[in-house]
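Consider the two complexes below, in which chain A is the common component and chain B and chain C are the respective partners.
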Partner chain A sequence: MNTWRRVLVVAGWSGLGLVAVAVMLSEFLARWPAGSERVGPPLLAPSAPFPFGTDLLGRDVLSETIYGMSLSATQAAEAALIALVAGALMGFIGARLPRYLAALLHWAVASFAAIPPLLLALLLVALSSRGLCAVAAGLAAAPLAFLRTFERARRESLAGHAAHARATGISGSALLNRDLTYEFRDALLPTIARALAAVAIILSTLSFLGFGDTPPHRDLGLMIAAARSSYFTAWWTAAFPALALMLLILLARLAAGLDEGERP
Partner chain B sequence: MSEPRVLLELKDLRVTRGGKVELEPFSLLLHAGETVVLLGEAGSGKDAVLRTLGGFFERDEEAVGRLRVGDGEFQPVARRTKPALRTAYLPSATGNALDPRMSAAEQLSRVLARKLSCPKPAALEELRGALARFDAAPSLETIQAPVARLEPAAVAFGLLAAAAAATPELLLCDHPMADLSPLAANRVTRALLEEQTRQGFAIVYCAREPHPVVRLMARTIVLRRGQVVEEGSAAHLIGGQTHPYTKSIFKALPADLARPPRAASRGEPLLQVQNLMLDAAHRRRDAIGFELRRGAAMGLVGEPGSGRRRLLDAVLGLERRPGRVVFDAVDLNLLSETMALRLRRRVAFVTSRDGALDPRMSLWDTVDEPLRAHLNLSRELASDYRDNALKRVGLASHDGRQAVSSLSPFDRRRLQIARAIVAAPLLVVVDEPLRALDAPAQSTIRDLLGEFRVESQAGFLVLTSDFSVAAALCDDALVFDKGRLVERGPIATLLAAPREAATKALVEAATLKPAA
Partner chain C sequence: MLRFLLKESGRWALALLGALAIAVAVAAMARRGQRFDLALGRHVLAFLRLDFGTSALTGAEAAAEIAVRGPVTLRIVLLGSLIAALLGVPLGLLLGTGRLRRATAPLVQTVSSAPVFCAGLALAFAARRLGFAVQGEWGPLLLPALTVGLAGAAAIQATMRSAAASYHDAPFRAGLRRLGLPALEIERVHVVPQIFASLLRALGEIMLTLLSAAVVSEWVFGQHGIADLFVHSLALQDWNMAAPIVFVFAAATLTAGFVGRLCCRLVAGTEP
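Coming up: the complex of A and B.
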């Protein structure tokens, strides 16, 4: 990794660290409790008492954006963890199955990966329940994480050094241990970051389309959706939540080294 | 007799790269039809001379100096200037000059067509004609195959044919024989010299080992860290070198091969191979049988594709073949895969294959792994073994946390020996141990393997196409050709009186004579 890319990665993870702190301190950072209506005049433009303005119901957009960011980031973290376990870990193990079984598994997951993750998430939400949208987003992002890890693990298990190790009696479990160590060291963080970016987009889109969270829980996608009617007359109602969402995705992509990755 | 025509003259060439001096002021007078060898390790500055003459500088490279072509005026050397000469480039056959997935003939004819400004079919015919002129060269149809499927010698002939078909005035040779077997290198060098006699082009030949100096018998300039340390005719340099660096390079030349037979070690039988068939199509009389005792070393000598690697795979139980292989008193064909794996713990490898070590692992982990995987040693004891092994191969001063990917080929080869040392093997498989190394590194590796052999009392199987390597490390040898074992015996006997044509050719190639 070159120096410039390393700087971007460090910047991305530092930013995500700050987001995590903001999530933990959201109760303190927000001036008003979540969903507090009529704390100011409706659709008040950004001003000193309300830096991000107010929305149609007189809610403080800054406080709501902080809560929305907190909810979106938490759900994205849960979904990324699911994508990591159901995708990357399965890919790592799947690549070590007997050749025909591995090929079958690869073919099956590649078929799922051919479906756009957003549509897959919609299908999974429809088959389960609205409350499981984080699980649905995680599972929808998993096939791409699986394929990426599978290819890498397959390449390593077929590499010349693995053949040499086997020819000198290094057991399969020792080789697995070796690969796991380096996979953890070299690929875990980028995989998490890529999954985080992907699921943040899926979750927000689900909410925007009305398949995600319902009030009083308002994530960034739902906030943007709620601001649709007022967007052209009061831009701040949608612009600030959208910027917060962009920031979250950008930071995750930076942390992944600006890798396209599992873009839904 | 008239003085040969001056082809080009370089004066006070100085090359820097990223602010670092690559080549101190360097001058070269080259006559038409002359050959000059630039000899030195990686980073010696020889490649900078080649790039200047070819006009293909690296991105951050700056060159100053003057150049004249023929009787013309001196012109300043600049980044984008290229001598007004028909120049051809002959790279290494095992480098990345050609895409391994694509047909060699296809790629070469495309380059040639551009060079000659002719249609591709015409370039293909030129290539065919050039190949037909060389003895032992493959046909055009053979090199239609993807590069990865061809033997390095076939690729080298293809590259030479493409260069020769361009009818150059100057041929820039960038380590073209570096990773070829001695036999292949001899054949390609002979073709190169014949073509030079026919066309009269001059050659600037970069080499990292002294073997081309002997084959070409040409004026040689020895470079080290951008400076000329010695210069003279081949005969003069081979006869005796004055600079210690030149001495260290020429030490890599094979010593006198016709040495008296060594007293072979007579330990317990370690490896017994009986009636092993390498090919299902072989008849019973082609079955292979031999015995390797503890402390003894057996050379498996032959060109790539001659069958020696198939024998090794069968011996290690990596491929099941008809016949009997007894390793450490256990018949490998009777063992389950798990038991065979346990037995292979006593096998160590030292190979020229770059991918033999995991590039992600650190130096320490690489040496530690056999100890951790096979023995239940305390951390202190394991690190003692590791440190001793690293010290023995001269890697103790390296940072142990450094990744293998950051090591030079020489350091990786030494690391393999350190890993082999800690594994306390019964059998050490050494596969082309000197390939792709600079001359001083070759001497060091040869010495390290020799010491390891003496101290370990393990059996050694040495796969090589170079009889001089076999002579340095082994007592006996099996000679392979076209998938068959053709001759066997003590090395000294094979060197003194080879019976088979294949053995004769291998011995002749290893004794290094001028190719002309």
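Coming up: the complex of A and C.
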């Protein structure tokens, strides 16, 4: 990794750290309790008392964006952990299964990976409940994470050092332990950040399509969806939540060290 | 080549079988009190007869409903693919070069962070502000297709740029330069085909992007294609309708991946 990329990765993680602090302090940072209506005139443009303006119901868009960001980031973190365990960790272990079992598992997961993650997440939410949208997003992002880790781990398990270790009598579990340690050291943080970027997009889109949280819990996707009726005349109702969402995804992308435009 | 073709065809057929199994499992959710395993068996037999059942909401045959709505999505995806190729390929080739790549990196990274629905809403906003009126049969599809196209262009340029970067310091370039080949010829004859081969190899992933974008753009712009039908079916738990659509989307992705790998073999001469 070159120096510039390393700087961007550090910037990404620092930004995510600040978002985490903002999430913890959201009650203090926001000037009104979540969902407070008629705190100002409806659809008031950004001004000194309301820097992000107000929405159709007279809610302070700045306060609502902070709460929305808090909810989106928390759910994305939960979903990223699920994607990490159900995808990356299972891929790592699956690649070390006996050949035919590994091939069978790969086939099964690849079948799910052929369905666009958004559609898979929609399907999972419809099969369970809206309250489980973070689980659904995590599971929907898991197949691609599985396949990515599976390919890498398969190459690793067939590499020269593995054959040499087996020939010298080192047990399979000791080898797995060693590879897992290196995997954690080298790929854990980028994998988490990559999963965070992927699930943040899926979760916000789920909410936008009406499959996510329901009011009074409003994440950024739902805020943008609610602003659809007013944003042609009051752009700030959608623009600020959208910018906050883009910031979250951008920070996760930078932290993952993704190429510009690369799919998370 | 024949061995490669047989191997890839086998992989493709197996993958389609997996997608069919998922679709059957989804259809079996509409079991109306029946045990899941029995419903699964019944739906396997029905799917083999190409009987996808009837919509629980409209009472129409699922296949007929898809046939009516399918062309809308097909047009959006086709037009979107065209826009994606027209924008993505030149961008990928242009931004693949060192200096320009570094200069545009912050902009591309920021734009890539926008979810498709934000891009769709921004396009709708811009169209309204600019007084952009759409007419004719294809007119209403222009903005949804442009949204899909932009998502596809991002995927295409990323794939090409990533491939260009990986070939930038490849040892064969130095070797060819030492043999006296002009830089332009090395790029044209040896590097560009490899970049296009990488693009073809990623055709399945690009199709995933296009289909996801189609779902969102149909929703944003109120187009009633099968992607929109899928969202409504799930919202109302119409599993008979959702199941074949899942299969159609998965089959499209798998077929794109299959065709891409075949074309990659033809272009690059090596197995993808």
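By our rule, the second predicted complex is superposed on the first by the 258 of 264 C-alpha atoms of A that agree within 3 Å, B and C clash if a C-alpha of one lies under 4 Å from a C-alpha of the other, contacts with A are read in each partner's own complex, and residues count from 1 in each chain.
What we mean here is this: a contact is a pair of C-beta atoms (placed from the backbone, for glycine too) under 8 Å apart; a residue touches a chain by one contact, two chains touch by 3 or more.
Source: prediction; values computed, not measured.
Q: Return fit or clash for chain B versus chain C, each positioned on chain A through the superposition.
A: Aligned through their shared chain, the two binders fit side by side on chain A.
Q: Now for A:201: first (chain B), second (chain C), both, or neither, which partner does it touch?
A: A:201: touches chain C, not chain B.
Q: Regarding the shared-chain residue A:182, is it in contact with chain B (first), chain C (second), both, or neither?
A: first
Q: For A:254, is the partner it touches chain B (first), chain C (second), both, or none of the two (neither)?
A: So A:254 only meets chain C here.
Q: In the superposed model, does chain B or chain C contact more residues of chain A?
A: After superposing on chain A, more of chain A is contacted by C.
Q: Return first, second, both or neither, reflecting whether A:170 touches chain B, chain C, both chains, or no partner chain.
A: After superposition on chain A, A:170 lies in contact with chain B alone.
Q: Examine A:160 and indicate which partner it touches, taking first as chain B and second as chain C; both and neither are also allowed.
A: Touch status of A:160: first partner only.
Q: If you've got the overlay open, could you tell me the nearest Cα approach between chain B and chain C in whole angstrom?
A: Scanning every C-alpha pair, the shortest chain B to chain C distance is 5 Å.
Q: Which chain A residues lie in the overlap of the chain B contact set and the chain C contact set?
A: none
Q: Residue numbers of chain B touching chain A in their complex, please.
A: On the chain B side, the touching residues are 316, 318, 341-349, 351, 353-361, 369-370, 372-374, 423, 425.
Q: Using the touch definition from the top, list the residues of chain A that touch chain B in their complex.
A: My answer: residues 159-162, 164-171, 174, 178, 182, 186.
Q: Taking the touch rule as given, give the residues of chain C at its contact with chain A in the complex, in rising order.
A: So the residues of chain C touching chain A come out as 14-15, 18-19, 21-22, 26, 29, 102, 104-105, 108-118, 121, 125, 128, 154-155, 157-158, 161-162, 165, 204-205, 208-209, 211-212, 215-216, 219, 230-231, 234-235, 237, 242, 246, 249-250, 253-254, 257.
Q: For a test of understanding, state which residues of chain A touch chain C in their complex under the given definition.
A: Its residues touching chain C are 4, 107-108, 110-112, 114-119, 122-123, 125-127, 197, 201, 204-205, 208-211, 221, 224, 228, 231-232, 235, 238, 242, 245-247, 249-250, 253-254, 259-263.
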